[in-house]
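Here it is, the structure, as structure tokens.
Just so it is clear, A, B, C, D, E, F, G and H label the chains in written order, and each chain counts residues from 1 on its own.
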């Protein structure tokens, strides 16, 4: 039934660790518990098969694929590139904007399209708003994981305001189909700038409130500090990305380090976990990185709004999308959860030959078994929560 | 008529009727508390909750109960059927027995045992057994974890509770809750939390310790009823629903009822030991048997409200932190208080 | 819609029949299984959050299927998940209802054609009471679906022949 | 037979019945839960003996403490919850004989002895206070020794339980 | 006195009767259609693996043990608390000795760590440095440390 | 027959004593036959309870003092201490030998 | 380092493991604004060796495996594409290893980069490429008893799975 | 900090943060709730909202562009060519309609509300409305049929086309190098059932 855990050989195991990697059978005092697919704290249909000794986790084997929606197959079956965008939306449904952006970007690079500057600015605004919305879900559900229900509802109130902005822009609340290859589906609506500024002003104190209510609450700190520590070398080796990587103390943000858009022109700072309350790379660091990133995103939004040029948002949308034969591209962007890459191979027809989506959550989740060993079940819940997975993207 | 009179003359019948009163109270109280909790929680969270059953949804708890009455009652094949059936009985009975010694008013107390406070401490253990039984009998890993954890938590916090009760007993010199309350009668200044009706010097010296004791008792009582931040046994994010994961329908309703009834019990203990029970805070003003019921329940409700407030604010402790709080924070502080109070009272 | 409305509708003072009362209890206290599958689950969460507040309808999330009345199948049902959903549905205590939320649960939605691993409609494994279209349905649409379900429950009889 | 006596017998039956389940049940967890009822019945008997404090202590310590401890132990060692009573240290039949002989002998002695009961003894209303006084006066030494016993039990049991698995 | 306990007994019985009544009442209304899948054990939608009657952590025993000892102590404290004032300082001291002896045990278990629940013993994954060249480590730390610009710590 | 009924109708010391005797023999039986160490312990607890009933009964019916109560309390305490230690030993043995059978333990003794 | 330099280094060190003589580029035109990708073809049986060199060499320091994708080229060839990047040196490279449909075996690199573990399982799952020396080669997304490898171009979906109709 | 100091610091710090949190929540107890009480109050839907599709069938020229654009293939259009002697009227955009639409079904249960079908429509007759409340008890009720042709009309149109085709064929046979019938529309007619998939 249970598979041996997979410790890559180049990781040393601390002395005193129970050796389950050798035998297939568990010891008599251990037991296997299924957490999920229906479990309140697996954030969707993740199934964690955990081996526990008492309450201490000996091993954890994630089982994914309960939401495998055949994204890559669909990409190949579409009649044109544009039709992929709705599916890209549905991949990471908490952060649809960044997903469609990444795909649009990849297609644009494949087609060598240059988009107007206004489009880039709007895309940044949208992506950062989306990042806030996505982090709000992460923070809110993390509150539930830690037993506090109220922050979840507060974050959703704030998120609803962002969704209103999105809805007035493109008509949808969750899955936007807004960023098209070479442009946008709509220009900004008239009152958008005003309302966004309002939102930014409204949201800053809310971040502080959330911090007071949750992040700096002593119980919360005690629960998350020193839990699920992911050292930076391991994080890099596992290609972990996004807030999780930065939470491990690696100052790496694709928006700055592999600039794919105008983000690097704006004034902002990637936020890094410093181990203020525990070890660098623990759950609290990941959480607080998200909280602080939201503030940074607000800065970016403000600047992008200020610098928004005029122009046509549909100028570069190609009539027919037909890249050259055998062209291929891998484009990586910094989505809400980390490095979102699209690898597209074209065969010269109007539909992609192969699309591989490299979802950040998929990769981030793969490190989970490494960091939960030795913790309690409660720690597992918090560690899994701090990774902020979206199953749509893990399973695609 | 005559029949009723003869019936009322029979002491047994009367005491049975009197003993059934708290049951009515429990049911009403649970309905009210359920409603209040959801409403308060909702408003804390900028929501409204229950709006569609009657005026502002006041009938919602009734609907819930009626619905639970209609739910199928599932006994899993693998469960230990006998124990599975017995568990709700034990849990609820244990809860209800505790009501026997709560002094609702100066004239009503279910059973005026001389050892009331002691009895309360002991009765709590029945609930522990019921929960343990439920967790075991379900033959479900989550239930077992929940049940055992619940039991471990309740017994861990029973010690602080008992020690705090002892401090109250030391000051009042009686285990009879009715007498403990009478001892504190006569206004807010006489409440034990402020040192009781003792000479000024003693009172001032006692005050810090009684306040600490009171506070600890309050914390322990939250933990005893498994509420946030101590709600690990039912921690939804880890253990699904804890020990009642496999229970459905009316059997579950009994646990639900007993949980909320316990909520009142622990608040009532705090109130009658430290906040003057049924006695009015204004001395003779607004006091009397009927007012007594009012004061007693409203004080207890105040506590329930505070518990609700705490519940919807805080995250949950982890199990080791839970034990830490009980054994390494509350208990030692209470030892200190016992020594201090003991010394102050004899010199 | 609740008790009080009925009073005005029927013109009599209180509930006329036990059946009505019991139906009323069932329809106003629909406990929900805490369980979401995909994008629609986010909208379901939004529906339970402050702005829409599903609890106004008496919907309380419970984690275990034993104590719930209604299961919102919110999201894409994959074939790997279908057997689990069936099992969870089986383990719910009767009377139980299912609301299929979103295109995916209705019929496979955007994945109906090429989704080799997507179950084309949850009604292939469990009976569905109300279908809510949308991708994702707005939270209000979910609320409307609940009201539709309530209508359905209202018409039921206590001794039902179901499943 | 008045109500009083009926209730007494009720408790007696509860006690003995549960004890029988404890002795004859093949499921150790059920045996443990039956023990709970036995203790409970004994507590009832104590009340009839006007020993209210002892009764509640019984509830507190046996039901609340020892039972929980035992249940935990059972659950800790529980990969076999069925325990066979057949092949014990002593075979069943000799055991029955021994138990019956000893028990019967004791009961016979109880039966034939004239105990000079004084049924009109004054009812002591405040046993708890009396016990407290006795503890602080006559039984001071045992009282203090009890604390030592408890200390030893605590330290010893904790130590034994803590000892790691051999090898 | 007996009658007071009698009343407590009545409470007990009424409690049990209430539960029974509730169950009987539910039996009138509720459907009852069991089938094997329905009665299967719930485990988050998966098929349960192994029996749930597993062995628990020895911690639970230790907790119960400490509880038991203190429970006993509480049983002593109650009668004492009732009367000790009659004995003045002596009464207090006698109990103080009793308590202190027990507190010694308490301190013992505290120091020995028996009061600690199973603390999580997180096993932080360690990257094996031996197969990584020294240059790598240095350069990793440079990208880690060069940005100490984030002063946003509150 | 009548005598029996009469006897039953007027509970007195003897009744309690007989009850305790029965309890005692049940406990003894459990101690003798059970192989599971915890079950043996349960038998011991029954015996102790039987003894306690005696103490309290004598104190009720024979003397005016309540010394019997105090003794009973001490017995309860001893029972608690004994249970604690014994269960600890059982657990320890279980951890080492993976059995709680008294006989097996006997054989396992080095 | 540019791709050419990396290629040269590799050529010097693992000459026999690089089937192609030169750097390959997509679609012929690698220039023009955005660099479409160039890649190095490596032998499917030597990936681990080459990758650990790329990771550990102080000049290369490819500490991250950004992406690992399987491709069915629809001509009897499968490929696995490795997108490497270095956080330290800030350069990127693409490696490709090809295998045939008849003998779909590629060596695992999960001992070099932890992240490769799941990616390789996915390749195994969706393409049926057997990853040699993988510590835990199971299907990852699809159920264990699923038939076929869906991302193969010739994939036909099965009609029923455990009694559930699969196609619409 | 010494361990004793930490002990006390922890206790008081915990209490302090608990109080901070409780202050926040009690403030919220008295603020206005954010809830929109749905059935009585409805949220404002922005004009761009993308909810249920609506087809103004009178304007539709049956060009099948929408079905082509749909990634989900949930639009099914069947057309019957009209004969030149029939006048199907004009759309509101002054395009001449040349096709009968016996079938214009949108399986609203499959639709993913992406709005891609709206853009290419030459007559802007397929639009997304702000109707979002259309839950049904039966899945079949979610297939929306927009065609307004009755069975008889469809049959008649088919017959007419058949006749026309026969006539044309007859004409063709009579005069071999005769003129082709006029091309039906500016847009080349795609197959009536869209065939999406790779060539």
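Just so we're on the same page, contacts are C-beta pairs under 8 Å (C-beta built on N, C-alpha and C of every residue); 3 or more make two chains touch, one makes a residue touch a chain.
Only a predicted model underlies this, so the values are computations on that prediction, with no experimental measurement involved.
Engineer: Between subunit C and subunit F, which partner chains are common?
Structural biologist: A chain counts here if it touches both subunit C and subunit F, which gives E.
Engineer: Quick one: which chain's Cα centre is the longest way from subunit C's?
Structural biologist: Centre of mass proxy via C-alpha means gives F as farthest from subunit C.
Engineer: In whole angstrom, how far does the Cα centroid of subunit C sit from the Cα centroid of subunit G?
Structural biologist: Roughly 44 Å, centre to centre.
Engineer: Averaged over CA atoms, how far is the centre of subunit E from the centre of subunit F? Could you give it in whole Å?
Structural biologist: That pair's centroid distance is 29 Å.
Engineer: For subunit A versus subunit F, what separation do you get between their C-alpha means, in angstrom?
Structural biologist: Comparing mean C-alpha positions, subunit F is 63 Å from subunit A.
Engineer: Could you grab the centroid distance between subunit D and subunit E? Build each centroid from C-alpha atoms only and quote it in angstrom.
Structural biologist: That pair's centroid distance is 26 Å.
Engineer: Please set out, as single numbers or ranges, the residues of subunit B touching at least two other chains.
Structural biologist: 42, 44-48, 51, 69-74, 113-115, 118-119, 121, 136, 141, 144, 148, 155, 158, 175, 236, 240, 245-246, 249, 312-314, 318-320
Engineer: When you check subunit H against every other chain, which residues touch at least two of them?
Structural biologist: 18, 21, 24-25, 28, 33-35, 37, 71-72, 112-113
Engineer: Could you list the positions in subunit A whose residues touch two or more of the other chains?
Structural biologist: If we look for residues of subunit A contacting two or more partner chains, we find 10-11, 28, 31, 33, 37-40, 55, 65, 68, 70, 73, 76-77, 86-87, 90, 150, 153-154, 157, 160, 175, 213-214, 216-217, 219, 222, 234, 236-237, 250, 252, 370, 376, 379, 395.
Engineer: Using the touch rule from the top, collect the residues of subunit A that touch subunit H in their complex.
Structural biologist: Per the stated touch rule, the residues are 76-79, 82-87, 89-90, 150, 154, 157, 160, 164, 167-172, 175, 177, 185-186, 189, 209, 212-214, 216-219, 222, 349, 351.
Engineer: Once bound in the complex, which stretches of subunit E touch subunit C?
Structural biologist: 29-31, 33, 35, 37-38, 40, 42, 45-47
Engineer: Of all residues in subunit H, which touch subunit A in the complex?
Structural biologist: 10, 13-14, 16-18, 20-21, 24-25, 28, 34, 45-46, 48-50, 68-72, 112-116, 119, 128, 196-199
Engineer: Please output the residues of subunit H touching subunit B within their complex, sorted ascending.
Structural biologist: Interface residues on the subunit H side: 11, 18, 21-22, 24-26, 28-35, 37.
Engineer: Using the touch definition from the top, list the residues of subunit B that touch subunit C in their complex.
Structural biologist: For this pair, the touching residues of subunit B are 38, 42, 45-55, 57, 59-60, 62-67, 69-74, 236, 240-241, 244-249, 252.
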